[in-house]
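Below are two complexes that have chain A in common, paired first with chain B and then with chain C.
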Partner chain A sequence: MSIETLFATLEQAAEKPLESARAWKQAHGTRVVGSFPMHFPGELAHAAGALPVILQENHDPITVGHGMIYPFYCGYTRSVVDQVCKGDYDFLDAIMFGDHCVQVLGAADVVRAKLPGTRVHFYQLISSMSDPWSLGRARETFLNLKEGLEEMIGHTIDDEAIRASIKLFNRNRQLLRELYDLRRSGAAHISAKQMQLAVKSSMVMDKAAHNALLETLIGEIEARAATAPAGVRLYLSGHFCQAPKVGVLDMIESCGAIVVDDDLYHGQRFISTDVEEAGDPLDALAGWYLQRNLKVPCPTRVDQNADWDGYLLDAMKRSNAQGMVVLMAKFCEPHMYYYPLIKKAFEQRNVPHLLIETEHELTALEGLRTRVETFVEVVKRRSSTRRAAA
Partner chain B sequence: MSIIIEPFAAPQKKANRLKTSSLNNKLVNSYWSDVFGAREQGRKVCWYEGVAINPLMQAADMAWVHGEAWSALLAARNGEASSQAAAENGAYMKELCSYARTSIGCSLVANNRSGEASGASFSDALNTGTLAENCPAPDMLISAYPYCSTGQQWDEALFRLFGKKVPIFNISVPWVWGNKKDAVYLGGSEFKEATAYMVRQLKECIKFIEEQTGKPYNWDRLYEIMAYTKKAGQLRMEAMELCRVKPAPASFFDWTTSLAPVNFVPGGPEIVDYFEQVKAEIQERIALGVGAVPNEKYRLFWDGIMNWNKIGWLANKFAGWDASMVAGRYTHMGFWHEYESINAKDPLEGMAINYLVCPINLSAPLMIEEIIKLCRYYEIDGVVLHAARTCRAFSNPQYLIAEAVGKRLGLPVAMFEGDMVDESFYKDEIVNSRVEAMLEAIESRKRMRAA
Partner chain C sequence: MATGKIHVMGIDFGSTTAKTVILDGNGVIVAWSVSHKGSVSDEGAQASIAEALARAGLKQSDITRTVATGYGRRMLDVADKSYTEITCHARGAVSMVPHARLVIDIGGQDSKVIAVDPQGLVSQFAMNDRCAAGTGKFFEALARAVQVPLEDMGPMALDARENIVISSMCATFAETEVISLLAEGKSKPEVLGAVHAAVASRTVGLVARVGKRDPIVMTGGVARNIAAVHYIEQALGTTLIIPPTPQIAGALGAALIALDEIEITVGNADEDDRVDGAVAAARACGTPACKTPPATSAVPAGTVPLHGPIRAVPPVPTSI
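And now, the complex of A and B:
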């Protein structure tokens, strides 16, 4: 399979996640368990023999959803409400989730009300990460989730099954990180859009099938000699539950820039941390949950041991990026709380960054283009002044 | 010359506010005067957000600044602008919780004074219009936010803005969602577990307080405080329940101005006395047939948080429509309303229960049942839903509430946007047209019934 065909397959799943999950269900007779982003492990649902699918924002205009959620909510929650009102989630066997961003909770209540016959369960993950009981509480939550899944399937899930799922999911994260390494080092030219497709498809596809595709893809990429792409090296940050619109990513890269790294949820944030494969699997998942936030700090958690602003400055250095584009989903409160710290830290170090607010409705792309072009020029100028000074 | 037409302008009538409200002002002023002077007396100051954990601090002889109460106070006294501007200059965006923005603005200002105590007295700050500039800086932070992630992040923002130097304690309040079939209001295995988890955390919080004050915790004092708190909670609920009569002697707007004594004013004989007087005034009004509005024609329910810049304005506005706002989620479903669950000799569990069932922490099905009970009890004709633009916690279930009261009780609703302390989200013309449409629907329902 060519690289292009492989990406086309990933795109099919990433852009039509519910269709792809429904087809999988029909073909394999497995249950499908939906979840909301961003910290909920799919491993347990997989160990229960189900296909875990992270519910995505879609591209359809919000119509019936308007009657169930105010317009001053992030695109993700509005889109979820719209999808459930349109009956898109009817085929799911369960929805299980654990994050408690206040906006997603609003959507969750609507989802449960619209799906009276579906198991819509909430297992609240502790979001205060550095308390002495954070680890224990996370484990208790995963135990409750496991019990909820067992109730659904009618039998227990043994530790071996969970360990096997953990292994499979770790492999998936490792393969995706390999793609990142290839891009960061310049050994391969992988566009921001392609990277998103690779990660987003992992959120909705069967992991074994996804691993097989990734292995072939990496083989093909390594076999093809790549010329290091030219352009201003940019780092993309932010955008949580929802994937940035592909149109925005393409636009950024068409302004003389290449994206070399990111901390997007539909990116590095999702794949940053593996789960311990030996020992008690619930301990391992609880440990993973806390470590993950130290690897890539998340503004939806509170963690006295993690600093997102400092992390970003270091990450930019590691990936040799010259500027950062902050993608913020409009109305995303966690992001709004932390952005001022980032802005201050970046200004103090004189590292250029550009804030772009995005909306569910993709409008004003041309206006954005002008801002990105100007930003790219600024970054170029600053980089050459720095070089001259060095 | 332009002609301004006001087709929906409400006739000029005034709400008949409770006289005892002025006592509330006294309590509030004396409380804040005490907080402003606390550091000079060698007492620690804690900033906290969320549920009313102040009894825990009072028993340790600390002073406390409840972020929401402080922001509401600034708004009610027209003093919020400077701190909101400071937050905006610090890149905190307008779509963020306006309570948080106001409080963050105060922290930025306090930082400019290097975190020193305000240096001003409360009355001086009040008289010179510099309350926001003079909020006493914290020695510690406690976050105890139910349901709303924004609350916890607000505290974390403060922690970082104070350079991570002010110790912080987080209480994680579980949302009462109900996975299990036995889940009911105040009951079921999950609720029990959540209560136990809360009690564990309250105990840890007390240890934190001991560490910060360097003194052993005064449990006897806590029992005493909680006995007063329980009594005040009971009197308030009884007084509110008396308002079932027609005309209702007090309104939601009166109850919002009566929240301080069950929210942050120290627990003691004063708060009990206050609600005794309120209850007596209600009884007196009932005897005389006096209503909260001069001519009660409609009985309404307020869903959502209060619009603090607009209390008086809204009270008069609805009086102008002959509409009495008899009850509300905010006032009637929180603030020690489950006082019966408090055992003053062993209060942590009862406190935890009250925190868990506060007006935002119930998932929609449980919350809706409670709202329906209230609408029936108070014989409500229509529901006003105030969609606080920057408080999604309160706005979240409102479409489901509107749908349920419409389907199950046949009540018309009026939804409009506003905010807790950011005036700019409130649009008077929209409020007028939505409320008028609802009142029209109530009228036609009455006509249909009569026919």
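And now, the complex of A and C:
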């Protein structure tokens, strides 16, 4: 299979996730468990024999959803509510959501009201990550989540099954990180859109099937000689729940820039941390929850040992990025809260960065293009000035 | 290179007007023109180019290099390269007012605040998002609502004696609010004064995002509106420097960049220039917006085409 065909397959799942999950359910007779993004351990749902699917913002205009939620909620929340109201989630066997932000909680209330016949499980993960009791509390939450899934399937989920799922999911994360390594090193030209399709499809596809596609894809990419792409090396940061629109990613890379790394949820944030494969699987998942916040800090968590702006500056150095584009979903409170600290840190160190606020309804890219092109021109000029001074 | 034989062109293909500046090899303005023929109008751009060439007594083939900027910057076949209006306005404004450190540019569709260094390079910038509030389009809509010719709005707004506050800055809703105020019996000067004050408050918000620094130069078509300048000065608590031709700052900046680029010789070509060339070549996909750089056999010895073709230096026209 060619690289183009493989990406087209991933795109089909990534861009039509519900259609893909419904087809899987029909073909395999498995349950489908929808979850909100960020901290859901899909391994547990997989071990229960279900297909875990992270619910995605879609591209449809928000219509009936406006009757259920305020227009000043983020695009992800409003889109999920709209999909619920339109009956798009009716085929799901369960929906599981955490409380990582107050807006998503509002969406969860709509889910409960609109889908009375669907199993809805709420889990509240501890957000204070470095207390002596953090690990134990996270384990309790995951145990509760496991019990909810057991209630759904009518029998217990044994540890061996969870460990097998952990191993499968770890393999998936490792394969996706290999793609990141190939891009970062310049050994392969993988566009920002293609990288997003690879990660986003992982959120909605069966992991074994996804792993098989990724293994073939990596083999094909490694076999195809690639010259390192030219352009200003940019790092993308932000978007904790929804995928940035591919039009925005394409636009950024059409302005003389190449994206070399990111901390997006539909990116490094999703795949940064593996789960311990030996020992008690719930301990391992609780440990994963705490560890991933140190790997890629999350602004909805509180950790004395995590420093997001410091992390970003280091990550940019590691990936040899020349500038950072911050993609902030409009009305994303956690991001808005932290952004001033990032801005200050970057300005103090004279590291170029550009803030782009994104919206569900965004259609006109020309104004954004002007800002990104200017940013690329500024970064280029700074780089050549530094070279001239050296 | 004999700079006296060189002419470069900067075209600011804006959302409402097209501006063209032609410079000689010493960076002196030979001719400029402004054309107003509708939104991102190719006809307007061509008219502006033709008028500037006619005023300079030159043909297009006499132009060594052309740089385009503005909303339609990538639509011009005649341009060798494009830069954003932010980069070009910064360059043009500092050329007009060398000690300027902040540029407020309010054009037809966008408002921008740009912090600049002494070389005219952008250090920081802020730009309005999708909303056209406070831009030329906004003033045009308001002129229709109050039925006052655009050029008379500024002087009339300065006659305001009462301070009215307009809360909505959306061009559509502000029009509704203006009509409502007129229906309440408020006079046109008062209403227009309120509109200009509202635009000023929006500009202050953009300045705050970049950080206020003096001296401030204002460019773009709205800089010719005396009330807009007055209310922005009042809101910022500082005097704005208005160049004699503020609307051509972007085109001038583009022309100056074109001149810079032909002055770069083989020995000075840096990595970024080579990367730009590679990116342009890689994007040569055959679509109208994506052209393969033409052959460069006519390039003068000692000069490399860094971002696009540099045409052979033309002979001195006999009429000069």
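FYI, the second predicted complex is superposed on the first by the 389 of 390 C-alpha atoms of A that agree within 3 Å, B and C clash if a C-alpha of one lies under 4 Å from a C-alpha of the other, contacts with A are read in each partner's own complex, and residues count from 1 in each chain.
Assume contacts are C-beta pairs under 8 Å (C-beta built on N, C-alpha and C of every residue); 3 or more make two chains touch, one makes a residue touch a chain.
For clarity, every value in this text was computed on a predicted model and none was experimentally measured.
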Partner chain(s) touched by A:333 [first = chain B, second = chain C, both, neither]: first
Touched partner set for A:256, first chain B, second chain C, both or neither: second
Touching partner for A:270 - first (chain B), second (chain C), both, neither: neither
More chain A residues in contact - chain B or chain C: B
First, second, both or neither for A:148, with chain B first and chain C second: first
Partner chain(s) touched by A:366 [first = chain B, second = chain C, both, neither]: second
Touching partner for A:380 - first (chain B), second (chain C), both, neither: second
Contacts of A:231 with chain B and chain C, given as first, second, both or neither: second
First, second, both or neither for A:169, with chain B first and chain C second: neither
Doubly contacted chain A residues - partners chain C and chain B: none
Chain A to chain C touching residues, read off their complex: 229-232, 254, 256, 357, 364, 366-367, 370-371, 373-374, 377-378, 380-381, 383-384, 387-388
Residue numbers on chain A that touch chain B, as the complex places them: 67-70, 72-73, 100-103, 105-106, 109-110, 112-113, 121-124, 126-128, 131-133, 137, 144, 148, 299-300, 302, 304, 330-331, 333-334, 336-341, 343-344
Interface residues, chain C side, partner chain A - complex: 71, 83-87, 110, 121-123, 125, 127-130, 270-272, 275-276, 278-279, 282-283
Residues of chain B defined as touching chain A within the complex: 90-93, 95-97, 100, 143, 147-150, 152-157, 159-160, 164, 168, 170, 172, 174-175, 177, 179, 197, 200-201, 204, 363-365, 387, 389, 392-393, 395-400, 417
